[in-house]
Amino acid sequence: MFSKILIANRGEIAIRVMRACKELGVKTVAVYSEADSHALHVQFADEAILLGASAPRESYLNIEKIISAAKQTGAEAIHPGYGFLSENAAFADAVTAAGLTFIGPSASAIRLMGDKAGAKAMMKQAGVPTVPGREALGSDKDFKKAAKEIGYPLLVKAAAGGGGKGMRVVERESELGEAVEGARREALNAFGDERLIVEKYVPDAHHIEFQVFGDGHRNLVHLFERECSVQRRYQKIVEETPSPLLTDELRARMGAAAVSVANAVGYTNAGTVEFIVDRATLDYYFLEMNTRLQVEHPVTEAAVGLDLVQWQIRVAAGEVFPYAQADLSQRGHAIECRVYAEDPASGFLPSTGKLLQYVEPRGPGIRVDSGFAIGDELTHFYDPLLAKVIVHAEDREAAIQRMQAALGGYVVHGVVTNVDFLQDLLAHNDFKNGAVATRWVETKFSWAPAGHAFEMLVAAALAEVSVSSVKNVSSVKYQVSGSDERDPYSPWKASSGFRN
Amino acid sequence: MFSKILIANRGEIAIRVMRACKELGVKTVAVYSEADSHALHVQFADEAILLGASAPRESYLNIEKIISAAKQTGAEAIHPGYGFLSENAAFADAVTAAGLTFIGPSASAIRLMGDKAGAKAMMKQAGVPTVPGREALGSDKDFKKAAKEIGYPLLVKAAAGGGGKGMRVVERESELGEAVEGARREALNAFGDERLIVEKYVPDAHHIEFQVFGDGHRNLVHLFERECSVQRRYQKIVEETPSPLLTDELRARMGAAAVSVANAVGYTNAGTVEFIVDRATLDYYFLEMNTRLQVEHPVTEAAVGLDLVQWQIRVAAGEVFPYAQADLSQRGHAIECRVYAEDPASGFLPSTGKLLQYVEPRGPGIRVDSGFAIGDELTHFYDPLLAKVIVHAEDREAAIQRMQAALGGYVVHGVVTNVDFLQDLLAHNDFKNGAVATRWVETKFSWAPAGHAFEMLVAAALAEVSVSSVKNVSSVKYQVSGSDERDPYSPWKASSGFRN
Amino acid sequence: MKLVFNDNTSAHSVDLSASASGKSYRVRIADRTTELSLLNAENGRLEMLVDGRHVSAYVTVDGEKRWVTVNGRTAVLTKASGVTHKTAASDHPGQLTAPMPGQVRAVNVSVGDMVTKGQTLLVVEAMKMEIRVQAPRDGVVKRLFVKEGQPVEREQVLIEIVETSER
Amino acid sequence: MKLVFNDNTSAHSVDLSASASGKSYRVRIADRTTELSLLNAENGRLEMLVDGRHVSAYVTVDGEKRWVTVNGRTAVLTKASGVTHKTAASDHPGQLTAPMPGQVRAVNVSVGDMVTKGQTLLVVEAMKMEIRVQAPRDGVVKRLFVKEGQPVEREQVLIEIVETSER
């Protein structure tokens, strides 16, 4: 086992990894940017190294500085968390070249899966279903032929594309000509490239992914699925396992497909194979593979009963993963809600500010992974993920009730969050029925904040007569002005409550 | 399902029950004594009723007042928690007579199991092993004959006894005469009753209990065991499941015996059958049955994956418990540590005072059930249990590591606790090896607090130059003097931070 | 004490006063009048009895904003700035009055002092609560009608602030 | 600044001073001398760098008791009462001196005031930390040598307290 690990990340995931290290008896090194001088992940570590300015490329994306921090502190391995450099093959190479261990898959696996088109082609080759499609189409006849082979409805989209630009859903052949023309025009405008591709359109698509896990001794298993169809702006906000959509038979087939995908690139450590599942037909299609720990890994931990992060570290240190596929099973039902500093009433725009009040829920079966505390500033530099609430209960209904109770106990003042939005989402019949597809939030869930309750006005009024009893920002004790922002270790930065 | 439940308890267990109610959509009524006016369990409930003075007989043991509180608030059922009135058959009768539901077994089951000697005789009759013994012995010849039948080593003890008075361990026949004489003398002095009984002595006894659960529809199962051998002053401090002592075969046999015990009294709801297990021979003996929820129920919840308190409420409301014995299994390893306000360096004497600083540990697989917050007073009126830390992990070793990390994150200032003691206990080789019998703490674990670390003196000194940055009791904001202690709802009792 | 809070759509007037018994508050919002007690308030958390029901609320004062959480729902209200504690009965817009009966706990300014908008001028204690009487605008203290320790009646004039030019 | 803390068995002398650079502290306990920085201190939690290692500590001041938690272990130390900030150099036992260079932030008493043991007489700010100079015993303020805002040197005499009979 390693004696010291550097965690090249911030926020909740950095603390999550450090907790695993602490239980394994491994010392931890935090890295941080200037904005994060007083962040919890810095306080939580045994040592902390300042990387540089707040912009990620000066700090959390700076490969050279991170490796130098590891060398300086004598760390033997680096855990990249998710985001930042976690799927950067050059980083994995650089870590290895520096004589350190990268806690994750090989650089080559990252590279192969990072080329999304190449990965899709490779998986098709390996016999894994991919979304049927045709490229390099020229004439109208080409399009018609391809469309007939794929079947309607289908999607015409820019080959160079992304973000919905130059994208058309075509329901029947009579609409095809006009759609191709329109898409071509839009593609040319948006990307300067009029090439199009045609793909099968899955109208009621579920996003279902399989956790896979491999060691360096040719053991490779899947740890079942995560249903991640509740998305906004193509980002997951609620994840759960088991998926309410899958049958045992389909679960087994998709799990085997996920293992094939991982095997095709000789995968080791934790990874996730993402599929699209057509709700109507239950056909599934390989989407991509994420070669890292996933934000939503805790629901798998709860249902399968394994500590994924500890196992990441253990197999990176050469240990054997001791469970065969038949040893593994799901128990109960787990749900994760991502608490974002964002305003669901304004297009989910990130909300920045200082955490003026912050209370996390507690209770049996409730886990909160978070990286912030009262007084912390949420800036525009980083992802607006504030915390993850994970519940585990006997069945889906009990898990939803537990999550409702947990969200109802979450208090965040100072930044707007999606907590109220999540409560209403979980109470929706479509969610209760497991009938949420990936476009559901945008197309079917029209949400507006509830008007304030009578008691809210009462409470606000009472606060006027008990000012000193309520949180009053102007008297927050740890606000220090005039401190030297550049040197977090300066004693001048230390708290001075007496300024109050 | 009930629409409103009264919880006739305080502290962590009252809050535990209220969390279950909240998830089931049931309203809660707290009851409280004057000492508990500002207690967390009062704040946590939808309604709260003052019972009376702080002494338990004026409040938490006052059957009449509790039932009147239930009637007044329209509660339909009463959950007794543990301790207080939870095993009081007269209370269960009174609840039923008032037209309310008692969340627990029938009054007759409580009564039968409450008579410990009678219960033992009944279980012997039913074929459940009990500790072999003989009563009503007169002459030396009687004793010798009984001893021969039981076998050495044996215990000579006062029939009227308790607390170790008039108790002798006899290793061989040659010691018997003198032991009987001495025990008789001591028994007469202590109890005014010289009658003795002779019992088999189990030198390395493990305390292993089985959780049983029954509904009102003749379903009755066991939910596996809890190993509770780590005790001080005959009280449990660490509990775990699975027991490191049991084999699968013995677990199955003891589980079946536990179900027989419960069946013998037509048991419903949650109960616990306690056994003594001889480590050398693995023979087990029925000790007694606790007809209530146990303090240590969370380890069973973690390992078996059920919410016992929710099920208590559901079966009390008439629901069917849907799991047969074959549906149930243990997963991973769960440990509970009881955090007591007591001083292990002074014979575990309870410690009272105000919680000046209080930080609970957090993290994946860590659950803390507690009922107190900063500023709360721990008085001599009630049990010194401050909180329970429960961990669940993949196996026993991982669970111990997790518990060590959790206890290391627990901060309590203002009252002395056993947190340091627990950390050293968990680190002991005997505990690691699962070789702790019930008298181990008293006879083999000689503990003294570690000397303070260098850093502690440094921190204490730094506190002198940053006084206002550290907790200073004299400036605790919510201390209100001159308030009317009798009426917690008086606005004069409300916080007045401006006194600071 | 009259307060106005704005949410995204409209303004809400809240009238808060001590009840006749002096042991609780009376609050009127639109057509609804309610008795309530404040059981406890610390660290930004208020425990209230509203019409006999137990309500927990978190309130954070953030400039004019009020972050309020009740029953797991959070709203951001804005306190309307016009509503300092001036009495409708007073013809002098610069005269500030006691919002409820109480006792003057602190007088932070003297006649002739320049004050800035929002500055706490006096503190009145009522029902063991502290009410900070703040300057409604920049100005100068023209007259002080009370001194520390003095009991005051509801709507009693406490202090008069005038614009600098009026001095 | 010399301090003595007692645990159950013995007394421990701690000498705390500002380092030459003025950016950290130097602490001497028995034979061991260490450089340390205080990174942060709030809500009873201190974040320190001790010999370059990051140490989190919780400290609660409870009369003369100090509840201290470091690395998950808790100890209760007692601050020895003899060690108020009087200088060894001073012949006057009632003369209290500045423990380190700084500035007088507050003077809470006047000459002739009766003071009680433990009462805060002055507050000196040093390294952005506040040091409360407290009365070592009951008495009367005989002389005041400093006023608010005044910079003071280490061991400079600040105030003199005498017994009531000496006045």
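Going by the order they are written in, the chains are A, B, C and D; count residues from 1 in each one.
As a working rule, contacts are C-beta pairs under 8 Å (C-beta built on N, C-alpha and C of every residue); 3 or more make two chains touch, one makes a residue touch a chain.
Note that the coordinates shown come from a computational prediction; the quantities given were computed from them, not determined experimentally.
K.L.:
Chains touching subunit B and subunit D alike, please list them.
P.N.:
A
K.L.:
Report the chain whose mean Cα position is at the greatest distance from that of subunit B.
P.N.:
C
K.L.:
If you average the Cα atoms of subunit B and of subunit C to get two centres, how far apart are those centres in Å?
P.N.:
Chain centroid spacing, subunit B to subunit C, equals 49 Å.
K.L.:
Determine the centre-to-centre distance between subunit A and subunit B, using the mean Cα coordinates as centres, and give it in whole Å.
P.N.:
From the centre of subunit A to the centre of subunit B is 41 Å.
K.L.:
How many angstrom lie between the CA centroids of subunit A and subunit C, rounded to a whole number?
P.N.:
Here subunit A and subunit C have centroids separated by 45 Å.
K.L.:
Among the residues of subunit B, pick out those that touch two or more other chains and give their numbers.
P.N.:
466, 468-469, 477, 494-498
K.L.:
Any chance you could list the residues of subunit D touching two or more other chains?
P.N.:
In subunit D, residues 25, 38, 41-43, 127, 129-130 touch at least two other chains, as defined above.
K.L.:
Make each chain a node and each touching pair an edge, then name the shape: line, ring, star, complete, other.
P.N.:
other
K.L.:
Please list, in label order, each pair of chains that touches.
P.N.:
Every touching chain pair, ordered by label, is A-B, A-C, A-D, B-C, B-D.
K.L.:
State the interface residues of subunit B toward subunit D in the complex, per the touch definition above.
P.N.:
Spelled out, the residues of subunit B in touch with subunit D are 356-357, 359, 407-414, 416-417, 419-420, 423, 449-473.
K.L.:
What residues on subunit D touch subunit A, complex-wise?
P.N.:
So the residues of subunit D touching subunit A come out as 23-25, 37-43, 47, 49, 53-54, 56, 105, 123, 125, 127-130.
K.L.:
Which residues of subunit B touch subunit A in their complex?
P.N.:
Of all residues in subunit B, those touching subunit A are 16, 19, 22-25, 298, 301, 305-307, 310, 331-332, 362-365, 367-369, 393-394, 398, 401-402, 404-405, 466, 468-469, 477, 494-498, 500.
K.L.:
Could you pull out which subunit B residues touch subunit C in their complex?
P.N.:
Listed in rising order, the residues are 38, 43, 45-48, 375, 477-478, 480, 488-498.
K.L.:
Considering the complex alone, what residue numbers of subunit D touch subunit B?
P.N.:
The contact residues of subunit D facing subunit B are 1, 3, 5, 7-9, 12, 14, 16, 25, 27, 29, 32, 34, 36, 38, 41-44, 46, 48, 50, 55, 57-63, 66-77, 79, 99-100, 126-127, 129-132.
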